[in-house]
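Both of the next two complexes hold chain A, though its partner changes from chain B to chain C.
Right, the complex of A and B next:
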């Protein structure tokens, strides 16, 4: 502690130790938090098309097209250890070839301080709803929302929201030149 | 490289160093606890960090510069003994026997 630089060094090192202890305290204070929430989702105008997926093989697969309505208030989820939320909407359904299919249709990152109350109407899906085959007609699809909690200090949590909804695709394909043009 | 000669005086005595170290530890822990409680109330971790940084500024101001309160117990050095007469007497004793008067004056005990 004698010289000037040695005092500065000791002060700095002690500050870092105190900050580490405080960060541990933040982690412990939010260890048992569950981060549950309720959302309401619904789908508008679901149709099925049968097209070639040019980004995959050249076979023709089913493409589902729908619009999303979502209402959620996620402000109570942001406590002092939450840095951002990563939300994603999954469509789950059963086909003869697979017992469970999950397709992500939409995702969003909400950072701390941004508006966490979403009221979305008639939004197109962010990602394509390709099926691995041609089993989407008359299929009962469930839409579920889940989020990842990204903390300041701690584990990466994955929580499924309460409130999922289902819809059934129509039983006929839609062609782009037919009467039901399917253009939203 | 670590021993830099600053243009201003930077020393404190040992009691002052102990006082300074204890003081900044207490200040930073105090501001850390206050910041933790405030951050928990407001659910904002940034408040905690700002509080600790403010505590660091306060302690840096109070403990890094060598204020006069840290110099109240200067080290008591012993008084320097005049060493010139000693070395002269030893040399004359071992080598020559000239000038016995000088040696007797300087170290009367050793002669006998």
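Right, the complex of A and C next:
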């Protein structure tokens, strides 16, 4: 009963049990954590273009262009159960055809150990701000930053940061050289 | 005891275990309102989903899907569902809503993955939202899935 294999088997089973208990402990110890934070966001120079969206329905839709300023310090959010933070900036607005629109303009992954303090100035949006239609002119858009807590084991939590900001697009299109110049 | 009695009693014990497991599974499906409440990650392309991780999924109708949510969806004609993040949401007054998704590690959105001519995901194609996560536990299921018949029974997902 004390052969090499049976000892190996016992060792293996014990290791797995301990790992499982540790994981459960990590999960329970951070279950009630809220992970709140405050950020400061602002948008510069918002303009609206009217162009053909080749990635979608090939019709002319409104394209919003703006630059972002963001300040945040997220180092306090990393505890022993946080493997990674997935940050995303959402633009939310209302149009006559859609009562709710949300477009993610920017995202970033911050791993544990990386510097989580960001001071961003005049950054272009990472993704195109296409509207589903042509209702961006004079539209009041709210920018909200949120993060997804990626833990070692546990809930996938989405937390909205305090400190959203809004801006209003101008009422006129910005036209480039020709109306049919397509995507720039 | 006669050998047939022993055999029947053994079969009954197995049947009880299997039917209890099945009942637990079906209750979980009812509780989460989701056809696949637990999924095993198959491919490791995603940033935080590694091979063998377990994902816990729910599908409550009141829990609306918003930008930034990680959802499980299935494309017509494909058996294995995909887990990606919602990056655009457009909802009309009458309640009709459409979504666009993208994998965190990808630079382009998922339109290349949808069916030909499909530009948006609709609510019916979304199996549920990912609510929780447990590492490594699914590796055993992946090993099992290499057996040809069990393939269809097991709940796997690609990222």
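Following the convention adopted for this analysis, the second predicted complex is superposed on the first by the 176 of 184 C-alpha atoms of A that agree within 3 Å, B and C clash if a C-alpha of one lies under 4 Å from a C-alpha of the other, contacts with A are read in each partner's own complex, and residues count from 1 in each chain.
In this text, a residue touches a chain if its C-beta (ideal position, glycine included) is under 8 Å from a C-beta of that chain, and two chains touch if they have at least 3 such contacts.
Keep in mind that what you see is a predicted model, and the values were worked out from it rather than measured.
Applying the stated clash criterion after superposition on chain A shows that chain B and chain C can sit side by side.
Of the two partner chains placed by superposition, only chain C is touched by A:151; chain B is not. Once the two complexes are overlaid on the shared chain, A:109 sits against chain C while remaining clear of chain B.
Contact with chain B, but none with chain C, is seen for A:79 once the two complexes are overlaid on the shared chain.
In the superposition on chain A, A:97 makes contact with chain C only, not with chain B. One geometric descriptor of the composite model is the angle centred on chain A: between the Cα centres of chain B and chain C it reads 50 degrees, in steps of 10. Counting the residues of chain A that each partner touches, chain B and chain C differ, and the larger count belongs to C. Residue contacts after overlaying the shared chain place A:132 against chain C, while chain B stays out of touching range. When the two structures are aligned on the shared chain, A:2 is found in touch with chain B, with no touch to chain C.
Superposition on the common chain A brings chain B within a closest Cα-Cα distance of 14 Å of chain C. Contacts of chain A with chain B, set against its contacts with chain C after fitting on chain A, overlap at residues 152.
Here chain A touches chain C in the complex through residues 23, 55-57, 83-84, 86, 88, 90, 92, 97-104, 107, 109, 127, 132, 146, 148, 150-156, 158, going by the rule given at the top. The part of chain B that touches chain A in the complex is made up of residues 2-4, 6, 10-12, 17-18, 20-21, 24-25, 28-29, 32, 35-36, 39-40, 42-45, 48-49, 52, 56, 59-60, 63-64. Note for the complex: chain A touches chain B at residues 1-5, 7-8, 10-11, 14-15, 18-19, 21-22, 25-26, 29, 78-81, 152.
Chain contact summary for the complex, chain C toward chain A: residues 47-48, 66-70, 85, 87-93, 97-98, 104, 109, 111, 119, 130-135.
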